[in-house]
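In the two complexes below, chain A is the common chain; its partner is chain B in one and chain C in the other.
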Partner chain A sequence: MSVQVQRLPYGVGRFQVGFWLFILVLLSVVGWGIYAYSRQLVEGLVVTGLRDIGTMGGAAWGLYIAFDVYFVGVSFAGITMAALIRLLRLEELRPVSRMAELLTIVALVLAAFSVLPDLGQPVRGIVNLLRYARPQSPFFGTFTLVISGYLFASLVYFYLDGRRDAALLARIPSPLQGFYRLWAAGYRDTPAERERHHRAAFWLAIAIVPLLVTAHSTLGFVFGIQSGRPGWFSTLQAPAFVVMAGVSGIGLLLVIAAVFRHVLGERERLHEAIFRWLGGLLALLVLVYLYFTVAELLTTTYTGHETEVRLTLALLTGPYAWLFWVSMGALVLGLVALLLPYVPSVVPVRVPSFRPAFTRAAGLAAAGAGLLLMIHRHGPRLAPAAGAGPEPEWVGWVLAGLAVVFVLSWFPLFARSVVAAGVAGGLLVNVAAVGKRLLIVVPSQTHGTLLPYGPGSYTPTWVEYSVVAGLFALGTLLYTLFVKVFPIMEVAEEQ
Partner chain B sequence: MPRYAMVVDLDRCMGCRACMEACKVENNTPTAAFWMYVFRFEEGEYPNTYIWFMPRPCMHCDNPPCAKVCPVGARYKREDGLVATDWDRCIGCRYCEVACPYGVNYFNWKEPVRNYYLDWGERDVRRVTNGQTPPYRNPDLDRPYGEEKRRVAGGGRLKGVVEKCTFCVQRVEEGLQPACVANCPAFALHFGDLEDPQSSVSQVLGRKHSWRLLEELGTEPRVYYVGAHPAHPESRQIEEVKARV
Partner chain C sequence: MMRAAWTLLLVVAGFALQAVSYFFLAAPLGVPTGPVYSNPRVPFAPAVFILGVMLVFLAAVVYELLPESGGRTHRGTG
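For the complex of A and B:
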């Protein structure tokens, strides 16, 4: 063994002031989320914007379920990387393998935590799901395949994957030595052990790849097999969930990889080929999703089934139009950004050549003004209340146009740098992913009633926003803390 | 084993909503929860307009989408056909509610005792009641019912569980009619056993053409409508009830 590591790599075990400040900020957001949830526990779900479907004209599922679906979707990243690296032998992707696995585990923990606040009786939820589980319910798959099976398999894979590094790090004197020794559990990285390890990881990867399809499909079936909800009842629901999971998972992985490339200064290990690979995969998934969207829209509108058309119109031109077009716009812009590095340099990419500083300032101002205007106009509403006055449409379109100009002004950079393109694409498609999750969950309840109850509305309250923000902070916290106690990338073999 | 069903004679319904009121009194449902709801529709263009009414209880489907999706089996179909909710088991995920095409489920968004129409703690109310809080709750609802000996909605009165129409199982098991049926002044509602040819439901269904709501979904509702026609896109609600908690 020629591995000689003098001190813990990748900033592990080194805690600076900035790190503690970051943790403090995250902890306070988590605390705020816990406070908001405590209000909900005491008062009941009346503190949320959720209400009954029908005479109350509300949505019974909202932000919590949308983000549950989003978090499960993000967990797509880990298994994909395991499959690509182990089964397709894409060794150059190795450095992001652990990042992806950790993302999966954190995302699944968050998914479990975002279902809990949705339950009216959270304690019973945990007990009764075990006592009275019914396989006939589409939720069964969510709890067995996704939360249990997927999470357990990912943990085992993660553990095995980290054993070699734990063994290496256990040789270095540090306060974490005991932890590494525990993780390594006797593993000494001999050739025989390594061979056995590779074999186990290979078969484990084979075993969990089917989960890639089944786990994400079960969540699609939660919605897709409900014939009583226009917009949900669709064969395309499960495949679209799998693809959208890939979009959000790979997108977020691109962002995380770029963050570590920058923070750890690991430009050599997190090389551009990784970003090119992931960006290409992401672009492909986005294309498939756009194709699904077109197929879905054509199917629902062509025959003119009354309830389907009403729902689709609510999406395209009605109260959800802004969210729909922002999501689709983010998806398309993200796709273009991801594809820009592939444009051969002989093709002149003519981007409107404003002074970059000027356009960026204009774009930021537009985005800020738009946000302020939106909050001022209808509060953070998803659907304006019935009594809200008519909106001057052109204001929204002008702001959207400015936002597009803002993104466009960065295009020369994306054409030059595959990393920048990956980050922009990853962020944009995640905006789209959250938007699309909300558009799947909410409109079918407020505008998809089959009896003539009339259109409803749903406005999330500060409690829901706070709980979701707390979940994001918790996820970041778990991720950050782990990165400080274990190397986030495989320890390089230094000669 | 009886096969309970309800028949709604829309030619007789006059939209007085006495059934909604009776349901509230019998089952003590909280504010804005309507286990029984009466649509009031207007159709046509002035001056050729037409007004009609359509009561909407729970359909007690033979193929209930709500019971199918319940992850813990809290929503169940009884032997006699009633679809009931076990409040002792419900985890409050509201999957039944989003799966139901008829919109009959009501979630207890807050503690029901704090969600009645009158605030018994208010000073003016206390002056009248002499500080006494009436037992605004039907103790019959707390008992287990049926061959299954299971709970039915309305008992317990917990926050965070789903409730809906039970066909007044506490009355039916004592040989009474559901509260809405018993209190309909126009005899528009009938309740009884489909197996019994002498029951009023069998009699009405034998005489008149009947239809069921959203039959195309295959939910097999146990509530039959006679007269009028199913509500369609031209049926505008005269006043949309958007009462919220």
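For the complex of A and C:
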């Protein structure tokens, strides 16, 4: 049996010791997240850092909503790429199509799970949404179009797209044969069936593209149409959400593609052209997002309402400055990393180079400084609490400086390898995406109230960090398990 | 032919459900002047809208999986 199982392509059905250890680690983190959430369910939201806006000087939306927005953003890449590959006939990107589709599904599941902990009574929230929601509300659009419509459409697309491979794998005797037969549902890869699938997938793609733009825009409108909340009320909110969604999703897709290229040894199928294509698209989206950011900042600081200006200053030079500049720095560094492989060798660009020992030391120091910062503050504080003592702001800046040195030290590698540049760019823009999501959600609540309340603060607790860590582990677990039961890339006939 | 008919039926039914729930079952459109604008006219109208969205996409599954007319079906592939 084992000989037959090994015939399954891309490591499907092969469970080694390392795999089980990895699963054990992931299950432990998921378990810890569930334990943390159970504390919240038993004791209430008081165990989190979430508090009422104004009267309690806090933020009602925090880490959970920021990561909900982040996960929805990540989901953008998958089905968009799959649809674009189909509609624009981008055949060279086909190997990443299924990875992207799976990323969408997993990210949407995580997005749904991120919202639930933010509700004091999650079950009541779900039932009341289906019972009373107003379809005119962007909240309704977010939960129907994003969570239901978008997830359902992605599942349909994913299922139909996988039938051919399921049919091919069902020919190979293996413990998973029954599962493949069920998935294939009678598919035999005849020319007529292939033609029918192409037609169905084409129309699905046509239907999905406007759906996903609408879905991501409604999430932006949740913030963008709140006229009484400086920092949120902006026309650019919805398009910026769509662009940032593309940035985080394609960034993560680059990282995942590189991981599979390395783990599966598929250097030919996951060739450099894929990374060049995705990296170029990512760089373009980052440029558009930077343009949006500059336009927004210019508008708010030049003619903005007094509260709007105060909020913007809190971002640029105030308590949120460290997060804002770290996010922007990560975005710019990611862009530079993505563009480095395109600099022609004839252009005399001097890429900074450091000794490896110095690089490692800078990385270790950055990690150490980060740890010290967390211990000192009992968790990274997003804004100083009222009456709190002086914060060691310099620690944050030293940490950021060391991180920059660490990234710069890898630049020579990025200039040589488009894959390494893609991974670095993908990771950096995702750091920026998480930071930007936090900056969208939190400061407008603590520093953007029009009522005469003083500035508030928000410090996530161990419960929130644990739940978010558990969600990341759950996503990785789902992705990893799926990869072991179904090929992550399209199977060639000869395989 | 049968397959196309079922597919079309699902698409039309899906869009119809969306339109009906949005315009006639959910909270009324217009300037809100009372609580009537906050509550749906029929409970679970939003769920009907979601069902409509799902039906439209389910049409693709029906189109691919439904056997040819005349009852010709394919057995497993193994």
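Keep in mind that, in the parts below, the second predicted complex is superposed on the first by the 459 of 495 C-alpha atoms of A that agree within 3 Å, B and C clash if a C-alpha of one lies under 4 Å from a C-alpha of the other, contacts with A are read in each partner's own complex, and residues count from 1 in each chain.
In this text, a contact is a pair of C-beta atoms (placed from the backbone, for glycine too) under 8 Å apart; a residue touches a chain by one contact, two chains touch by 3 or more.
In this text, all values refer to a predicted model and were calculated from it rather than measured experimentally.
Asks: Who wins on chain A residues touched, chain B or chain C?
Replies: B
Asks: Once the structures are superposed on A, label A:Gly454 by its partner contacts, choosing first (chain B), second (chain C), both or neither.
Replies: First partner only, chain B.
Asks: If we overlay the two complexes on their shared chain A, which of chain B and chain C does A:Gly475 touch? Say first, second, both or neither.
Replies: The answer is neither, since A:Gly475 touches no partner chain.
Asks: Applying the document's definition of touch, where does A:Thr144 land relative to chain B and chain C: first, second, both, or neither?
Replies: Once the two structures are laid over each other on A, A:Thr144 reaches chain C alone.
Asks: According to the stated criteria, A:Ala133 is in contact with first (chain B), second (chain C), both, or neither; which is it?
Replies: In the superposition, A:Ala133 contacts both chain B and chain C.
Asks: Taking the superposition on A as described, I'd like to know which of chain B and chain C A:Ala185 touches: first, second, both or neither.
Replies: After superposing on A, A:Ala185 lies in contact with chain C but is clear of chain B.
Asks: One more residue to check, A:Ala153. First (chain B), second (chain C), both or neither?
Replies: The answer is second: A:Ala153 touches chain C but not chain B.
Asks: In the overlaid three-chain picture, which partner chain does A:Gly78 touch, first (chain B) or second (chain C), both, or neither?
Replies: Once the two structures are laid over each other on A, A:Gly78 reaches no partner at all.
Asks: Contacts for A:Arg196 in the overlay, against chain B (first) and chain C (second): which applies, first, second, both or neither?
Replies: In the superposed model, A:Arg196 contacts chain C only, not chain B.
Asks: Where does A:Gly162 make contact in the superposed view: on chain B (first), on chain C (second), on both, or on neither?
Replies: Neither partner.
Asks: Can you pull the chain A residues that chain B and chain C both touch?
Replies: 129, 131-134, 136, 140
Asks: Taking the touch rule as given, give the residues of chain B at its contact with chain A in the complex, in rising order.
Replies: 32-34, 37, 39, 41, 56, 65, 68-74, 89-95, 97-111, 158-162, 213-214, 217-219, 231, 233, 235-237, 240-245
Asks: Of all residues in chain A, which touch chain B in the complex?
Replies: For this pair, the touching residues of chain A are 43-46, 50-58, 60-61, 118-122, 124-125, 128-129, 131-134, 136-140, 143, 222, 226-229, 306, 386, 445, 449-454, 456.
Asks: Touching chain C in the complex: which residues of chain A?
Replies: On the chain A side, the touching residues are 129-136, 140, 144-145, 148-149, 152-153, 156-157, 159-160, 163, 167, 170-171, 177, 181, 184-188, 196-197, 200-201, 203-204, 207.
Asks: Can you check the complex and tell me which residues of chain C touch chain A?
Replies: 21-22, 26-27, 29, 38-40, 43-47, 49-50, 53-54, 56-58, 60-61, 63-65, 67, 73-78
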